[in-house]
Amino acid sequence: MTAEATRLRPHTTHNQKVEFHESRDELHAMFRMMVLIRHFEDKTYEMYTRARIGGYCHMNHGEEATVVGTIGPLRQQDWIVSFYREHGHILARGTDPKYVMAELFGKETGVAHGRGGSMHLFDASRHFMGGYGIVAGQMPLGLGVGWSIKYRDADEVILLLTGDGAMANGASHESLNMIGLYRLPVITVVVNNLYGMGTTVDRSAANPDLWKRGDMYAMHGVQVDGMDVMAVKRTMADAMDRARKGEPSLIEAITYRYRGHSVADAARYRTREEVESWRDQDPIERFYRQLSDAGMIAEDDRKAIEESVDRQVEDAVEFAENSPQPDPSGLFDALYVNPPANV
Amino acid sequence: MATEVVMPRLSDTMETGTIAKWLKNVGDQVDKGETIAEIETDKANMEMESYASGILAKITVGEGQSAGVGEPIAVIAANESEAKTLQNGPQPEAPETTGKDEPDQVPPDQGPPSQPQIGKTEPNERIKASPLARRLAQEHEINLSDVGGTGPGGRITKEDVLSFLKQTAPVGQAAQQQAPAPAPTRQEAPARRPEQPQPSGGRGGQPVEMTRMQRTIARRMTEARFSKPDFVLTVDIDMTAARQLLQNIAGTANAPKVGPNDLLIKAAALALVRHPKVNAGWEGDSIVRYNRVNVGFAVALEDGLVVPVVRDADQKSLGEIARDAKELIDKARSGKLAPSDYEDGTFTISNLGMYGIEQFTPIINPPEACIMGVGAIEQRPVVVDGQVTIRDRMRVSLACDHRVIDGAQGAQFLRTFVGLLENPMLTVL
Amino acid sequence: MPEITYRQALHDALREEMQRDDKVFLLGEEIGIFGGSYKVTEGLLDEFGSKRVLETPIAEGGIIGLATGSAMTGLRPVAEIMTINFIIVGMDQLVNNAAKIPYMFGGEARVPLVVRTPSGAGHQLTAQHSQVLEVWFAYVPGMYVVAPSTPADAKGLLKAAIRNDNPILFVENVLLYNEKGEVPEGEHVVEIGKADIKRQGEDLTIIAYSRMVPLALEAADVLAEEGLSAEVVDLRSLRPLDVDTIVESVKKTNRALVVHEGWYKYGAGAEVVAQLQEHAFDYLDHPVERITGAEVPLPYATTLERAALPRMEDVVERARFMLGKR
């Protein structure tokens, strides 16, 4: 299993020297966001084991480069449809961690007012359209958002995030087929962390080179090193250009999740050595090295960033802790819009 | 400042965990994020990491021991000296752990149940009673409008019917010492008088525990006799030909057994068909004409009488009527009559001829409009064609409810009936 | 008042709403060039173009998901699922997404979606094409299920559904499309959630919806000749269910008979019986009964199919029994 998992190597290598066109501020913001995601997810894990967070809890440790690289380039008017491993996604989109932690704690102040939890985050003002628990269930919704953009003739694109396991599901096929058929401005990013729960991609896909399916769906298919935030960012920027010209993309980002499928996963399907080998490619460390090599960041900056992030995460926990739980009198809120009395 | 280590929740269903193995010993340096123990949960063995850096000062739940999620299992001291203090001294003040929220308030009890509504309902208003209560009321011959309902919305429930029964219970065995009370009515409680022996020895009366049937008969007869304007029409019938027919039937091989009663039923049925105004009753406040001809006949039992019904007697042959009647009599005698056996009668025949009664006025069986009382068949002298001769004669009395039938209608019916009995072949055709 | 077919009424509703609001668009299989497999959308492609009349591949999950995603982002889609049998293929999108999105996101999103589909059996379409499944969706909180029985209701309720901001399953019937009825001209919109008394009566309440309403009316005619007066209540929607109207009717008649297509146990009738038992207990003189299809996958042979579908004669006979006449 280990050999299979490490067989998958991205086309861009991780030792490539990067030429930065971005400003120092932008790069620091990217770095900070990756650190925020990592620390937030560490805290999420702790809060789950302290029973402040319940139910299911899927975390993004290790995926920060893919998350920040795909979501960072989006503009305000663009859209995101994601799935249940989404805490980092909504953070990368700019939602205040306070409201995300509050939702995880099931509080009225949460982004879904305590009704959704970890798998159903939402932020209408930032066009973050959820958060779905059925594997591949979000794919047709992404198709729908893409259709809506074309229908309204708007200068918008939509980032549709999905996983390697979901690519085996019929809903993925139906959606990608129609996205390609109708030439919709949809950028589908397959976060290939090599495992669908405990099943490697080799054991779930007849052809595990998922990016090659782009061809099948008449869209631009590309594989990228998902542990390299700059590589992902460049690939995403290119995909956005194409999308605005009517060509959808299928981006396969090779990455890794350091923790199990969810908190309750003992991860017996992979070895400690394998996990360690991927930790050696920690995307945050890698980006720091790239920035540092280019003189774009110093140790002090990093320290300051990490302290700021830790404070922000602690504040988020405090906010969540002190927020009220939803009152049971609100059980039927938002079930319908303007229902008749007899519903 | 020391940090308390608690049993982590490692799955959504985990409630307790067992320390499979401590990976650190007391006194060891511990780093934040480092795995310090292996926990056995309901699903699998999982790693537990430390959320603080420092010295592992105390282990309070050892290997192989269990603790509930959130319960303390160890303490991490900030530094060596604190560790020493903790190891030797009392437990450190546990830092403010994020306590569990207050359990949700249990909603207060609903107020006391609303007062029961007892009282008469409007006569035309539908009475609210559960199906069970209705059935009980029917079985005990209780009128629901007399029962108060204590169920939701004033509904009458089984409890209400039972308590009503208790209040209006008839005098039973326990009342042997009491003077006999009148048959219970719905309205009044039985008078209870203390024992008072008569100076002259009295009648020596003992109240008999009445069966439900007897009580019912008592009530209904009272009702029937005193609640309607009735009159009686009497005729004397020549039964010679009828007797002859019955003998012929009896002598025919393979013929069913047919008796006089069966013949009476058939004749009455045919006559009712010809006189539909007589096949009627009084229900509520109006005449009701019945489409079917269901003839009932009184059957004496040891402690009462029942009136089983031959349904659609007009459409049955003598043989079929005889068969049905026999079956009904057998059931009646063995107490096995079902409601469908005695319900829905449209006309009743009561025959006391076997006791030698010449003639009598029976009491109408409501809601029917009339009842026929049959006397004995006797040889009597009569005048035929100017000559006195001996014939088999039988007297029949028809008691009628004048609200439904007038004299002429009753008389016409009787004339047809007599014609059928005196020309009995007509009942066979 | 003009008399038009059920099909024409639906067509007119779609057309009028599309003219009224350019956020309304249609999607489904064969709804364009083919005009719709039941010809409801005939001519609309020519009038509105292929963006507003989107012909899709055979992909029910994709269709309903596309509609849901569009609805979340400002559009008002009307998706057609060719028959309700195929809705199973797309059920995840309808039940797990459309019906839940408004609630599970705490009211931060809306799904103003209509999914139109014909239900019902007849004409030997056999087991997999003859099902009556709307009750499955009536079970799901977060969506409405609407089922008109007449052209007037079809037009009025479809217009109301398109203007409504909730996800709505709009259930037509395969055998009603050719039925004619009077339809008011102009803005004819029927409130969703109100049952309709299609025939006044005194002795028995017959409760039905969709194709069983005309069947119940026929039965009521037969009963009337025998002096028995049946009131026919057309539910018009399974959710919201107009309990008040059926209770008021049963308070008057004291007897209720529910007639619906589809299977007996756990069918729509079971809910009506439960509601009447709960809210009209003291007014019932007889248990509430149900006449439905037989509990079999629908067979092909005409004798068997006929025996498996509810018939007018069955309703009449049962009504007579319930009224104490043989």
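Note that the chains take the letters A, B and C in the order they are written out, and that residue 1 is the start of every chain.
Note that contacts are C-beta pairs under 8 Å (C-beta built on N, C-alpha and C of every residue); 3 or more make two chains touch, one makes a residue touch a chain.
From a predicted model like this one, the values you see are computed outputs, not experimental measurements.
Participant: Point out which chain occupies the most central position, where each centre is the mean of Cα atoms.
Facilitator: Central chain: C.
Participant: Among the chains, which has its CA centre at the largest distance from chain B's?
Facilitator: Of all chains, A has its centre farthest from that of chain B.
Participant: So how far apart, in whole Å, are chain A and chain C when each is placed at the average of its C-alpha atoms?
Facilitator: 41
Participant: CA centre of chain A versus CA centre of chain B: separation in Å?
Facilitator: 67
Participant: On chain B, where are the residues touching two or more other chains?
Facilitator: Correct list: empty.
Participant: Which residues, counting only chain B, touch chain C once they are in their complex?
Facilitator: Against chain C, chain B makes touches at 126, 128-130, 153, 155.
Participant: Touching chain B in the complex: which residues of chain C?
Facilitator: Counting only chain C, the residues touching chain B are 281-283.
Participant: Provide the residue numbers of chain A that touch chain C in the complex, in ascending order.
Facilitator: Chain A residues touching chain C: 79, 81, 110-116, 120, 122-124, 129-134, 137, 139-152, 170-171, 174-175, 177-178, 181, 333-340, 342-343.
Participant: So in the complex, which bits of chain C are touching chain A?
Facilitator: The touching residues are 25, 51, 54, 56-57, 59, 61-62, 64-75, 92-93, 96-97, 101-110, 112, 141-142, 144, 164-166, 191-194, 239-244.
Participant: Quick check: in the complex, which residue numbers of chain B touch chain A?
Facilitator: 6, 8-12, 14, 33, 43-46, 48, 51, 69-70, 98, 100-101, 104
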